[in-house]
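Once you scroll down, you'll see the structures, which are given as structure tokens.
There are two complexes below, and they share chain A, which is joined by chain B in the first and by chain C in the second.
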Partner chain A sequence: MLLHYLDLSWRSFKRTPLVSFLMVLAIAIGIGITMTSLSVYHMMSADPIAHKSSQLYAVQLQVMDDGHTWWTSDNLPLQLTYQDAANLYKSEIGGQRLKMVRSGFSVYIDSDTVKPFSQSARLTTPEFFNMFDLEFLYGEKWSLQQEENAAPVVVISEELNNKLFAGENSVGKIIYLDDASYEVVGVTRNWPLTIKYYDLNNGSFNDPEQLFMPFSLLEAKQLGNWGNTNGWKHEDVRSFSAKLQSEMVWIQFWVELTNEQQKNDYENYLLAYMQEQQKFGRFNRKELAYSIRDVNKWMAYNNVVSQDNKILVALSFMFLAVCLANILGLLLAKFLRRAPEVGVRRALGASKRQIFMQHIIEVAMLGLLGGLLGIVLAQFGLLGVRQSYSYYESLATMDLTMLLSAPLIAISTCIIAGLYPAWLVCKTNPAIYLKSQ
Partner chain B sequence: MMLEIKPIFHALCRSKVGALLLLIQIAITTAIVSNAAFIIQDRITYLNQDKGYPEDEILAFHVMHFGKDVKSHQQFELDEAMLRALPAVKDAAYINNIPLSGSGSSSDFSINSAPEPGLSARTAYFFTDDHAIKTLGVELIAGRNFREDEVVVTNDNDQRANVTIVTQALLNELFPDEDGLGKTIFLGDIPMKVIGVIKHAKGPWLKDSRPNNVALIPYINPNISGNFLVRTAANERANIAKRIEDEMLENYNKRVIIRVRGLDQDKAQYMAEDTLMMRMLIVLITILVLVTALGIFGLTLFNINKRTKQIGTRRALGARKSAIVNYFLVENVLICSAGLFLGAIAALLLGQLLMKHFSIAVLPPSYIAVTAIMVFTMSILAVFGPAKRAANISPSIATRTI
Partner chain C sequence: MLKMNNISKVYQTEMVQTHALRDFNLHVDEGEFIAVTGPSGSGKTTFLNIAGMLEPFSAGEYLLDGIDVGKLNDNQRADVRNQKIGFIFQGFNLIPDLNLYENIEVPLRYRGIKTAERKRRIEKCLEQVGLASRAKHLPQQLSGGQQQRVAIARALAGEPRFLLADEPTGNLDSLMARQVMELLEQINRDGATIVMVTHDAELARRAPRNIQVVDGQLADFTLYQGAQNLKNVAGA
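Now for the complex of A and B:
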């Protein structure tokens, strides 16, 4: 029966090619516009580490005294002070923990073929690779021992390994960062990340760093911060050690909590920690505040999806509604003109239900065609978006979910538009049309 | 001309669905277009604002030293001299951060020394030297430029500059009732005397709450990295840009030169998102208006087909062609007015919704009015063709088949 209806639909399409084509075009334009903005939205809000995003938590502490404000929605600074990060890292509470900060260097090796270049680096504790699921191509992460001793070691990315060592196993080789030498202990596999969720401070869609080094090098080599450093009160921080002791926030901290119990324990611990610190004259507040947010909440809190994109998605669905009204009008015209034919079919014994189904299937076919053409149009739209700005390179694309949802949205839109015309046409009273023929 | 509104209205009531669809389309179109047009206008104003710099003449780049055999602050002085000596270069200056680039330093500047409370204003500040005014091309409207001996070139963090040149906007905020020139202002506990006033300049962030509060401080303490600004003739800029890396490395080679670009390219990067939003909205409303126009066109054609006999009969009974055209025009005006009325309400509601959830200002009613006039004109144009066609229906049609 379905095949028969499809055959009928196709015949009907060919009978009124112009109107049918206009309908397909209307759907295609609506879908093209909607899918362009929806795809970008989808990529921007996609869960970057789906299997454990609800176990990784970014930690925030309200370090500011009463009377100071921050620009975040809940008034909490986005990063921690150096001393708080150190204390939380040392504690035994919670699952795996890491502290980190972004830095950078001039990079060169003992070779004339590679010109010195600048590269940003992540100073972090070795848990980073486990917690954020980085895989190793060669070698491995540095040991806790090396972390403690501020050993001059570095893990480089596959891309950087290709650039410096032509892709060979470079474990044990030496690279120079600024004026010091470091031994390569590992090479990570390419880490395709559309959203740099672990550090959203300086561009949510920037590429991950390609150099990873022990966090302890920060103090040992007095390295500069390439991320944000924010103070909230007047402090004299002319020397590096003063900065480490200061109340300025510049260190990021994540903890892995696998169950509700662990989460509760950790929250209690944070409160207890701040109360203890109050004894040293810190956290001068009536009400202590902190926050732990999992990956998805962290991205929402940091407004990873730009408000422009949300507005565009909303407007393009309204646009789709206009297209729907258009299709509805055209369908009415098309179906009602067919009333005599339907009258004959009804007289020959077709039930209302069958007539209804036949027309809905015809409409769904239009939707499918429109959806497919819409995908093509959306590709042009996304091409335009990609060319406008480099960071849309990986964001303005359609993944499988979006490719499948395009025809789905198109078909359901068309079926909604087709309900009324199909209902109208199946109500046709056969007698009238039999008489006039 | 008789506007036979009553019979037209009754006729409309008999084919409600078609009219309703048209009405909905017009309402949604009005709501979207007026709001989108407002956002577009907002972005155009933002993108075209006066930054205060001759952006097409300025080149910026970043230097990172890895060699430790020279002192950065001394090397940068030599580099400046070399850059200024290049042909077609008007001036060059060291600066710690680049204006309009989206990265920089800011702090509260106060009329009292910290921690004493006092009137303060958020200010973006740049560490640079006496060549900055000319290199940036900003206009000094009062006071004077830095003297060479006021520029502190050092690698000692305890040394401080004690003068500053600030924008008029900052002085107006810190000294609302008096002339701030010659007064002392404080960055934390560092006192600086205001010796010059810049008419207008933007800091690193155009979206800052105080984008116009800028202070230049004559202080060069670059640690291992810094930025340079070079001002050239606009048509020579590309040539100079190509030479920068080689010239700089020839001066001293244990360093990396990156991000050589024009100030306007920097800005383009920073503004890319807004440019994209503006373009997408323009595409969206253009297609939307076209689709709606086509919808009106199609529905009128459909109505005419349905009423061929009725029109023929009216013509046979003596109606003039103009009466037929008028009929469809009036019918369209009726539907369109109702649609625009609903659309205006929807536009206001949508505007409120956008304002509530996003940082968008209240939609001015003028945008709705202009959109309404435009949609109205468009719908008249869309209906005119089919109506003329209807008027040409021969009266004999009426007699043929009934």
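Now for the complex of A and C:
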């Protein structure tokens, strides 16, 4: 019967092509706009590392003395001091851990064709690649020994390797960062990341860095911080070593904790660490505070998806509702005009349920066609977003979930709009129309 | 086959109460051919709609083939209508978008009959009404008489035991009306019970049994022995 209903729906579409097309267009516009905003929202709120997001924790310590406040919801600074990051990194508690900071250089090689350019870099410990699932195209990460010795080595991204070395295996080659030479030890595969969750300080949706280098180079070469540095009290930080010893926060710290026991142990450790540090005159507080948040909680805490985005999605759904209200009116007119035919069908043995189903399938078909056209319109919408804001380049796309959702949303919302007209026509009294036809 | 005991039908509006049928009693036996006549507004069509379960009645008892219609819900009424009743309307009521084959197929689909069986029945019925070669034509490509034959074929395809015809020749010229009447007589001879509402006295006289409805009640009852007997009486 389903195929028969589909056949009848198609005939109905052909019988009133203009009205049907208008309905499909109305659905398509509603779906196009809804899917544009929903796709961006979906990509923004997607779990960037689903299989281990609940095992990776960003660490925060309440380093400020009593009486000082921060702008976060729980008053905790978002980053750590250099000395705390160094101490936590040295500890054996918990699983893998890393400390990192954003820096940057002017990059050039011995070549006539590649002009020098400015490029941000991530100074980090080698655990970074394992913890955040980066894969290597050539070579590998630097060793712990190279990390300890502040070896002048660098891992570059596939994109940067294409730019500098035309995609060839560049392991062992030399690149120049500012005025120093560094040996390439690895090339990472493209890292498609929509949210830069590991460092949300300088734009949640910026691209990941393309240069990765030992964290120890920070101190050895006194490299600059391209990220945020925040202080909370007056300190004399005119020298680099003073900055390293200061209470300024500028280092990000992550730890991998695979089970609840490990998490509890780590939390106890953080508390013990701060109590230990109090002996050195630090953490002057009545109540010590810290936080470890997994990836998704970290993104929520940092308001990766802003309230504006949520409002935009709600508004687009309201627009879809307006489109559906129009469709409801058109469906009422279309279905009620067909009441005499429905009367005949009822007289010939169709139950109300069968008449209802016939019309609901017709509405679902309109929804499907509207949904498919809506996907095309959404592509134009997303293209517009990408061209207007480069910031949204990796976000304004439709993944498979969204592609499949569009027709489903269109069909289900159309069915909701079609319930009343279909119910009205199925309870037609056949006797009224049989005589008058 | 059909038993109506004290059936009443009242149409209620805010201002007026109209009694379309009042204490209507009728028994129809299997295989009968009954013509129902009466002036306009007398309740003929209301009777036919109630007989065909297209409208509920206000009071009384209606048994169709032993089934108490008053106790059926909408789905059950649709099933009984589909299984036991064939309709023929004055205005043919063919679905304009469907060709003849598809029009006849409509009640069979609702009954859930398989494709091959549907095809067999439709071809047989089209053959029976002399339109086998026009199966793919749309209703508007046919004359009125041909359309009514298609409507009869549609009513027959379900192999109903009970045929309800509402002015089946009302929109036809006399030649076509006669052809349709002959077809109905043939169907009756084949075993179907027919109740036909008509204004046409001559046509009514061809039915073996006539009833007249006046003011929503059975007013007169005449049993004819058949058209041939009537001729003989007239001739004598």
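The criterion applied here is as follows: the second predicted complex is superposed on the first by the 436 of 437 C-alpha atoms of A that agree within 3 Å, B and C clash if a C-alpha of one lies under 4 Å from a C-alpha of the other, contacts with A are read in each partner's own complex, and residues count from 1 in each chain.
To be clear about the criterion, contacts are C-beta pairs under 8 Å (C-beta built on N, C-alpha and C of every residue); 3 or more make two chains touch, one makes a residue touch a chain.
Not measured: the values here are computed from a predicted model.
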Chain C versus chain B on the shared chain A, clash or fit after superposition: fit
Chain C versus chain B, contacts on chain A by residue: B
Partner chain(s) touched by A:Phe21 [first = chain B, second = chain C, both, neither]: neither
Contacts of A:Leu330 with chain B and chain C, given as first, second, both or neither: first
Partner chain(s) touched by A:Leu348 [first = chain B, second = chain C, both, neither]: second
Touched partner set for A:Phe380, first chain B, second chain C, both or neither: neither
Partner chain in contact with A:Trp10 - chain B first, chain C second, else both or neither: neither
Minimum distance between Cα atoms of chain B and chain C in the superposition (Å): 13
Interface residues, chain A side, partner chain B - complex: 22, 26, 29, 33, 36-37, 105-106, 108, 116-118, 176, 178-179, 224, 233-234, 238-239, 306-308, 310-312, 315-316, 318-319, 321-323, 325-326, 328-330, 332-333, 384-385, 388-389, 392, 420
Chain A to chain C touching residues, read off their complex: 1, 4, 11, 15, 340-341, 343-354, 429-431, 434-437
Residues of chain C touching chain A in the complex: 45, 49, 52, 54-55, 74-75, 78-79, 81-83, 87, 89-91, 93, 95, 97, 106-107, 109-111, 154, 158, 166
Residues of chain B touching chain A in the complex: 17-18, 21-22, 24-25, 28-29, 31-32, 35-36, 39, 62, 64-68, 114-115, 157-158, 188-189, 223-224, 254-256, 258, 269, 272-277, 279-281, 283-284, 287-288, 291-292, 294-295, 298-299, 302, 305, 354, 357-360
